[in-house]
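Both of the next two complexes hold chain A, though its partner changes from chain B to chain C.
Presenting the complex of A and B:
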């Protein structure tokens, strides 16, 4: 495979607190994004997937910070480690929106209610590409057409409240792809939408990714969305990547007990009324100190070793790695 | 009558006011002539997209929202033949009947008062509904908590000390306090994570078996509805467009909207083929429902007839009703197309 356009290497994120020592929210995250491909980041609430997304944009602010690792992005000047840049500095601002863009979950709060959607799209075009107001407006209308908004000339003059939820998310996508970024981060882009609209938006994102050669990081909690849209998947639990696999391998042969638990929690597709097998217990609170594997307290295969050290992510096949002591050869193979 | 609940021609219209004098200029027809019946002990699923009126319908059934028209016949425990029309009851008699029907809301974070301890949250409804001594109330509360898998230790704690799943258990425990026989579940698992969602679904099934409960399960999540419900009704813009036994609806949907809705659900199985999205656009505003069939503006098979006349629910197959002028013709065409070229229906995904 060709070189990744975006890479997070051993990134850890800390939450500073005035009274207690800093808490680690994400531990040694490694991920790579390739042109035209979609990597899905899956996990339940509080697993660290959203902070990972924000750190990819270098958007963390106190008390959160990137404490370790590097985030490499392909730019004109070569590979740049954006984790080293000041999050609000001019260098980072020139990259954000130009090379790497983000779509948020809730388009109603992400869009500014007092500007027309056309104005909000032209903003980044004028800023990054130096277009005149008039040219930028023309381009904004084209972008609205590209994301499938009917009558884009009129719609560009609308305010966000005049648009439906699906249309607003299309506007968010238009803003994100305005400067043809090479990396697109989509944080739960369809969670606030109805299924029929969700299907439209995901199809749009998939098409744009392939046509424009963007690398997409898709953050979601919905395994159905993952199966239908991702090429590769990363499963996170309590700040750790516990499994990383090609989408087919993950669904055919989920290796980590947590991934297996997630799959067993889904109602069967044929609607058969067998009892579901939920994962017992709940995710340990962020304030709890954990030694060893964070899933140990809920794991059906727990061993003494699990309470001592967290295994490293090790390959069990050419396209699947897992961080679990059940796979001793993989777990001990430190990178 | 073996039905716990029978609704006929129920309407919920909200007035739209405008101007200085707040004159009524129109109405949002949130529920527009819905009829359905729920057999005792069954789980009835109500499915639809946001704004289709499913929550308005659920609230109207419990008289949390006054219906604009129609009847709601509810058979209380011990009444063999006589069902009570909830819309015609005096406030006092309605209050007495309320202990028989309860509701669990979507968001367990806003459904529980953050300032009250769990024991107070659970004690309030009991004091309102029953005349019991303090000790009797406490015993009832503990029994209810144990039924949902919590212990007495929960009593002294506040809602914020529980996770989302545990909070939903507390909300269910509260609904069970008055020994109801009918519970409205309004998106009870939508705010929960997958692994916790499965715990709550198992709990709901187990409680239904133990206590003989009848559920109205309101949801937009079709995979959960398919798993949990015996019967299902699909709503679109305030009307039921299709209804019947769950297995039948999912295996053999007749309304074009149902077909497109089912096709849009992402399935956790890769390589199943990336499907083309057929349903475009958003539902029209319920303030401005189109003439004729409410779905004709988005329907790929709409004809002149659909634009002019409203299709009413008619029975096709056993207990399977559908509101579409062309249901038989469209389904026949599809089965011919599928038989002629089976592979064309399943686009194969290019391997990476």
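Presenting the complex of A and C:
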């Protein structure tokens, strides 16, 4: 595979607190995004998905901060470590929306209610590409057509409240891809939409990613979405990456007990009626101090070693790695 | 345009026209005294001809002319005072809402202090130090009432800064000043308009209160507040001395409120289909 356009290397995120020592929200996250490919980031609520997504754009604000690691973005000028840039500085602003764009969860609140959608698309075009208002408007109409909005000339003059949820999410996508970014981060882009619209939006995202050569980071808790749309998957639990695999490998052979638990709690697609097995317990709170593996308290295969140290991610095949002591050949204590 | 909007703009238009054309439309010189005709009832004839439409006061000055000239004080003080307060208060409220914690607590403590001092006392002190003039009335009002704008702007900021479109502006590489000016402020205009209209009415009341205490508009300047307070002594014999400026103040305040309502509805795109 060719060189990744975007890479997070050993990124850790801390939550500062004036009274207690800083809490680590994400531990040594490693991920790579490739042109035209989709990487899915999966996990249940509170496992650090969204924080990781925000850190990818250097959008964390106090009390959260990137405490370690580098975030490398490939640009024409070469490779740049955006974790080192001032989060509110002009260099970072020139990258956001231009090189890396983001789509948010709720299209109902992510558009400004007082401007037409056309105005909101042109804003980013004028800002980053220096287009004149007239040219930007033309381009905005083209973008609306590209994301599958019928009668884009008229729609561009509509206010967000005049559009349905699915249409608004399409507008969000149009804004995100306006400046042809190389990386697109989609933070649960379909959670707020109904199921039939979900599939259309995901298909649109996937098609655009391939056509425009964008690398997509898809954040979701829906394994069905992952199976349909991702090329690679990262499973997160309580701030750790516990498994990383190609999408087929993951669904054929889930290795980490947490991944297995997620699969077992999913109804089978063939409609067979079986008993679903939920994962007992819940994600330990961020305020709890944990020694060893954070999943140990809920794990059916727990062993003494789990309560002592957390293993690092180790390869069990060419396209699958897992952080679990069940695989002694691959597991190694984290440095 | 709605009926309310029409009425509001109608009243405001009349007030503005009266202020501009006062020297030509006033039947008498507002400060010309006609002692023989002291406390003449409305529609009485003047000793040198002409009709006192709204009667005369104790010095025989024509009430109608003084009401017309009073629009000048009323407009200057109301718009000047509210404008200056808004210019100070809104940026401070935005700074408190969107910048760092220390600026936030500084602004909040300052608004609490200012709003905890009885307004009339602070204004009295300021006016007696600065002297009675219209400019000083505006300054005295703004020194205190900026806090009202700052507080409302701040509380609106708390709501807006959690909106995803503010975060998505950040994610689109739009600078904070631009985000505030283009995406945050327009979303606050409705509530701020309401505050401004209330403050306009408050400014008129403050002007009359301070004029009563002799620290408002200079005595030779005809002002509605001053007339109201002078007329207070003759309330049982000459009702027109309080009724005329009272109705003028009330009508203007209602006009401001109607205009405020109309602007608020107008700026909310959700209501546009309904209004047209």
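Methods note: the second predicted complex is superposed on the first by the 328 of 335 C-alpha atoms of A that agree within 3 Å, B and C clash if a C-alpha of one lies under 4 Å from a C-alpha of the other, contacts with A are read in each partner's own complex, and residues count from 1 in each chain.
Going forward, a contact is a pair of C-beta atoms (placed from the backbone, for glycine too) under 8 Å apart; a residue touches a chain by one contact, two chains touch by 3 or more.
Keep in mind that this is a model prediction, so the values were computed, not measured.
With both complexes brought onto chain A, simultaneous placement of chain B and chain C is permitted, the two fitting side by side without a clash. Once the two complexes are overlaid on the shared chain, A:109 sits against chain C while remaining clear of chain B.
In the superposition on chain A, A:316 makes contact with neither chain B nor chain C. Contacts of A:88 after superposition: chain C is touched, whereas chain B is not reached.
Looking at the shared chain after the overlay, A:255 reaches neither chain B nor chain C.
By the touch criterion defined above, A:117 lies against neither chain B nor chain C after alignment on the C-alpha atoms of chain A. By the touch criterion stated above, A:59 is placed in contact with chain C alone, chain B being left untouched.
Of the two partner chains, chain C is the only one touched by A:96; chain B is not. Across the overlaid pair of complexes, the angle with its corner at the CA centre of chain A and arms to chain B and chain C is 80°, in steps of 10.
Which of chain B and chain C touches more residues of chain A is settled by the count: it is B.
Of all Cα pairs spanning chain B and chain C in the superposition, the closest are 8 Å apart. Counting contacts as defined above, no chain A residue meets chain B in one complex and chain C in the other.
Per the touch definition, chain A reaches chain C in the complex via residues 57, 59, 88, 90, 92-98, 101-102, 104-106, 109-115, 123-124, 127-128, 159, 161, 172, 175.
Only residues 49-50, 163-166, 193-199, 201-202, 205, 220, 222-224, 226-228, 246-247, 250, 260-261, 263-272, 274, 276-277, 279-280, 282, 352 of chain B touch chain A when the two sit together in their complex. Within the complex, the chain A residues that touch chain B are 37, 44-45, 164-167, 194-200, 202-203, 206, 221-229, 231, 246-248, 251, 261-269, 271, 273, 275-279, 282-283.
Chain contact summary for the complex, chain C toward chain A: residues 163-165, 167-168, 170-176, 182-183, 186-187, 267, 269-270.
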